[in-house]
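One chain, chain A, links the two complexes that follow: it is found with chain B in the first and with chain C in the second.
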Partner chain A sequence: MADITAPAYRVIPLIPALKPGAMEGKGPFVAGEKLNEALGFPGQLVEDWHDRAIGKMGDLLSRYRSLKVFMDACMHCGACSDKCHYFIGTQDPKNMPVARQDLLRSVYRRYFTLPGKLFPKLVGARDLTREVLDEWYNYFNQCSECRRCSVFCPYGIDTAEITMAAREILDTVGYGQKYSNEIIGKVHKIGNNLGLPGPALRDTLEGLEEDVKDATGFDVRFPMDVKGAEVLLITPSADFFAEPHIDSLIGYAKVFHATGTSWTLSSMSSEAGNFGMFIGNYDQLRTIALRIRQAALELGVKRIVVGECGHAWRVAYSFWNTLTGVGEGADANDHFAQMLQKQLDHRYKQPAHICEFTWDMIQDNRLTFDKSANDKHIITFHDSCNVARGSRMGDLPGGQFEIPRNIIRAVANNFVEMAPSTTREQTFCCGGGGGLLTDDLLELRVKGALPRMEVLQQAVDEHGVNFMATICAICKAQFTKIMPIYGFDRKMVGGVHQLVSNAIQLGPK
Partner chain B sequence: MASIVFATLFYLATLLLVVGLLYRISTYARTPAPLKIPTTPAPTTTGGVVLRMTREVVFFESLFKANLWIWGLGWLFHASLALVILRHLRYFTEPVWEWVAFIQPFGMYAGITMLLGLCGLWARRMFVERIRYISTPSDHLMLLLLIGIAASGLMMKFAAHTDVIAVKSYFLGLMHFDVGVLPADLLLMIHLSLVVSLLVVFPNSKLLHAPGVFFSPTRNQKDDPREKRHLSAWAAKLESEK
Partner chain C sequence: MSTIEVGGKSYETDEEGYLTNLADWNTEVANYIAQTENVTMTEQHWEVVNFLREYFEEYQIAPAVRVLTKAIGKKLGAEKGNSEYLYGLFPYGPGKQACKIAGLPKPTGCV
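Then we have the complex of A and B:
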């Protein structure tokens, strides 16, 4: 894997020519028996995979309007064809969103539509063969579910929905992906994606308290399992030990400290990430999310705040209310949701993003900053895909773009934007999202980062940018890994709350 | 003879179109959307969603963001088609409604711009590598079908006139289940045969994008998941099973 090099930047970002088959056979490792069975999937590819796959497809078509409409509506207009970072980076035509969808759509047409049954060749319908199944495995594990294509589709077709359906079908026949299924297994068993047990977590947090004390002289606490705390912080487990994630965790703790907010982490529910979404399995998505509900009920907290994590925030913001009742506005006779919603304090948004929390505090003048502490940085902001296109912050549409930027401007003096066609709703995925952050996909990850690296380079050349802030654990991990391959310093990437941490004043105002 | 054949074809095709579309639409409407998945930033109110859908359906907003060529050609075709269809109302109304009479000349030129748009879209399908790659034979055929309809229609206007008064009385008759005499005119036969084919193809093909867009959850959902609990019937069952 060491011989992977970065593709050359495009001088003028022309749409690349097609290289059919460029990424054939470059999918991730297949999940083994134990990993699959732990999640209730068949251990390995079942004998009657054909019938089961078609059966599952029919089941999903009847349960998801998105899939049903998206299978029918595509006009092959090509609007999405140059929008995927994996297509731009790999030039493999099957990484064009429409072509990726067609891998599934061709089978849908063959088995579920009259023209496909009568004239398969004419309408591009295909039998589900072993080759097709392998193609599904390969290319549906080369999509990061970032939704960029859905911004441009005239019918809003979201390839993420189709990728999720395909992965769900693959898991149903015992053909799951190792990385995602392994991680989901760890959440069920231990409570977080990294498999960090409670005692180790407590150790880490105590170490952090000492570090912060040494660095600042203040007793900033990192509490765990505190019953009756006001805020339950749910954050990606990478925040507990990975660089640069941990610096943002320190930032959250300092914000809580400086505002006198009582807060706690949960050892049982120490993970914001939810890979159940990546594999498109509602039961997994729900079961993983229910740990947060359970922690909130057991600890009796009033507010739930989510740390810097892209897809986790999408799940929290968009799905938690549905899955677990964390939110507002349940029917009076909806006892499941009411049980929790009665406990939560609805003067605040439930759940809230840590950026919403911090920005509210800044607006209430409850935080002071020494902006010069960030003067060594010329900062730009990478919008994380799932935050940008699958969630919101604040009261207004687009708050997910403004609030993190507002915070950066409040804590630092030098902020510049990257090219507008690559930020906000049109942002590019980091190249490692959607369950692809694994070393067996390193070539894909490096190539998929190309469009972001191109505009970052541009910002470096034009403005001398030396820090790219982002609010996603996967973005942070992906960039620190692949940026050196593009010739950048890995320390260039960090969290928004890392900048907050640098500038925040902990003493009395 | 042709009069009876076409009468039968039109009745059957119309029936297929209506039943097919109703069936499809009811399927879309009945299939639940279990999760909130609007592509954000998304409107937070129903009024906002109506505006978003209107911009999408009338101006092709997303396509505009994506690619100006596809947007320009696609919009030209669709806007022209709408005018052309409205212009054709004069064959089904007596007396002709005033506004239908008013748009007649615009509808005529729209026939030409519709053809231009279609040819442009077809050229893209043939000459742009990415779009050629994703095209199936049916994608080409559907464009050809529409090009055939537009061309045959225009030829009846500009090259070899058809007895439109007779055509009109034939269709007015059909509307009252009274089969009259259709002028024996080759261009007209071609035009009508292609239209019948379109009616049959419509509810069985990607032309379902027309009703489909209204049911697309990424476009028609409100962005309010924190404020209102959204729960589909099958997902609610999971809670009662516990």
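Then we have the complex of A and C:
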């Protein structure tokens, strides 16, 4: 792995020259028998994979009208082709979003449209062969479901949904990806992606209490399993484990402390992330989300707040209401969802993002900051795809862009933007999202980070930026890993609440 | 599944070279894995690896990077209690590379 090097920056970011077959291969490690069976998938590739795959495609087409529209609507205008970070970084034409989609679309045409059944060659329809299946596995694990291409599609085709459908079909025939399936299994068994058991979590949290006491002199608590707390914090388990993630966790705790908010973590439900979305499997998505409902009901909390995790916030904001009853819209016959809806305090947003929580407190003058504590930083903000294009914050459109930036400006003096064609809804993926943050895909991750690294370098050159803040655990882990390969210090990346933590005043106002 | 051959015995590993069975670990195996990672084991490396194994025995998971740096700092002095020191020993990242040499499962998730 040591021989992976960063691609050269483009002088002018034009469409790269094509390198057909550049990313051909076997794809990431395939999930083994135990991992698959724990999720109810066949242990390995089934003998009748062809019929089962076509059957599953038919099932998905009948359940999701959107998928059928996306399969039919594309007229290959090419607007998406150069918008994908993986295409830009790898130059493999099959990583143009339109071409990657066509790997599935061509099979759809063959089996589900009349012209494709009658004249397959005329309409670009293909039989589903083993080669095609392998190609799906390889290339649908080179899409981070970031949906940047969808922003530019005149029809609004959601490429992520196509990738999710392809991965769902692959799991159905026993051809799932190791990284995602192993993680989902750990959530079911232990309660979080890391496999961090309750006693280890408690030990870590107690250590943090000591650390914060040593650093500040204040008894900031990191409570776990406290019944009757007002807020249940659901945060990615990386916040308990990794650097720089843990510094944001300290930031959340300080905000709760300084505002006198009673809060708790749950040892049973210690994960915000939901890789069920990445593999496009509704049952997994729901089962993972239900742990949060169970914890909220058992602890009797009034509010649910979500930590810095990109895709978790999309799941929470867009799906938790119908999946679990956090928010409005639960099925009338879903007893526990109805119970939770009644339990939560609807004067507040349910769920709320930690940035919404902190920003509300700042606006209410309940927090004070020593902004000079962040003077060593010249800060820019990397929008994370699922927050930017799959959710919202606050009461105004674009709140998911403004609120994190407002917080940074409230706690620090030096904030600058990166190139506007690469931020907000046009933000580039970090290169590790969507279930691809695994060492066996490191080459892809390095190449996929190219467009973000180019504009970061520009911000460094023009403004002296030395800190890139973000609100996603995947972004933080990905950048920490790949930025040194591009010649940046890995400590240049951190969370928004890491900056909050630096500047917050804990004493009485 | 793959295997590695050390001292005439073969040990099962996963695709990435992490030992499948924790009980298979011994110092010879650790040295072998370290070699495949281009890490030359010194006393400083063993201090980290041994701490990881002790922590794992108690908690069934590797320690958070912060817990590790703090423990190393307490034991070996504050100047070593930071992630730079650990990255110096395990350049691919103390979390994963040190775990692999210590025969522990790879930390998964957004780390």
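Just so we're on the same page, the second predicted complex is superposed on the first by the 500 of 509 C-alpha atoms of A that agree within 3 Å, B and C clash if a C-alpha of one lies under 4 Å from a C-alpha of the other, contacts with A are read in each partner's own complex, and residues count from 1 in each chain.
In this text, a contact is a pair of C-beta atoms (placed from the backbone, for glycine too) under 8 Å apart; a residue touches a chain by one contact, two chains touch by 3 or more.
If you're wondering where the values come from, they're calculated on a predicted model, not measured in any experiment.
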item	value
Clash-or-fit label for the pair chain B, chain C on chain A	fit
First (chain B), second (chain C), both or neither touched by A:A73	first
Touching partner for A:A477 - first (chain B), second (chain C), both, neither	second
Which of chain B and chain C A:G195 touches, first, second, both or neither	second
Which superposed partner A:D331 touches (first chain B, second chain C, both, neither)	first
Touching partner for A:Q177 - first (chain B), second (chain C), both, neither	neither
Chain B versus chain C as contact partner of A:D82, first or second or both or neither	first
Partner chain in contact with A:G273 - chain B first, chain C second, else both or neither	second
Closest Cα approach, chain C to chain B, once both complexes are overlaid on chain A (Å)	23
Chain B and chain C contact sites that coincide on chain A, given as residue numbers	none
Of chain A, residues touching chain B in the complex	15, 17-18, 61-66, 68-70, 72-83, 93, 96, 98-99, 102, 113-115, 121-124, 147, 150-158, 161, 282-283, 286, 317-319, 321-322, 325, 327-331, 334, 336-337, 349-351, 388-392, 396-398, 400-401, 425-426
In the complex, chain A residues that touch chain C	1-2, 29, 32, 178-179, 182-183, 186, 192-197, 199-200, 203-204, 207-208, 211, 236-238, 240-243, 245-246, 273, 309, 437, 439-440, 473-474, 476-477, 481
Footprint of chain A on chain C - complex, ascending	1, 15-16, 38, 59-61, 63-67, 70, 83, 92-93, 95-96, 105, 107-111
Interface residues, chain B side, partner chain A - complex	24, 27-28, 31-37, 39-44, 56, 60, 62-63, 65-67, 70, 74, 124, 128-131, 133-139, 141, 204-206, 208-209, 212-213, 215-219, 223, 225-231, 234-235, 238-239
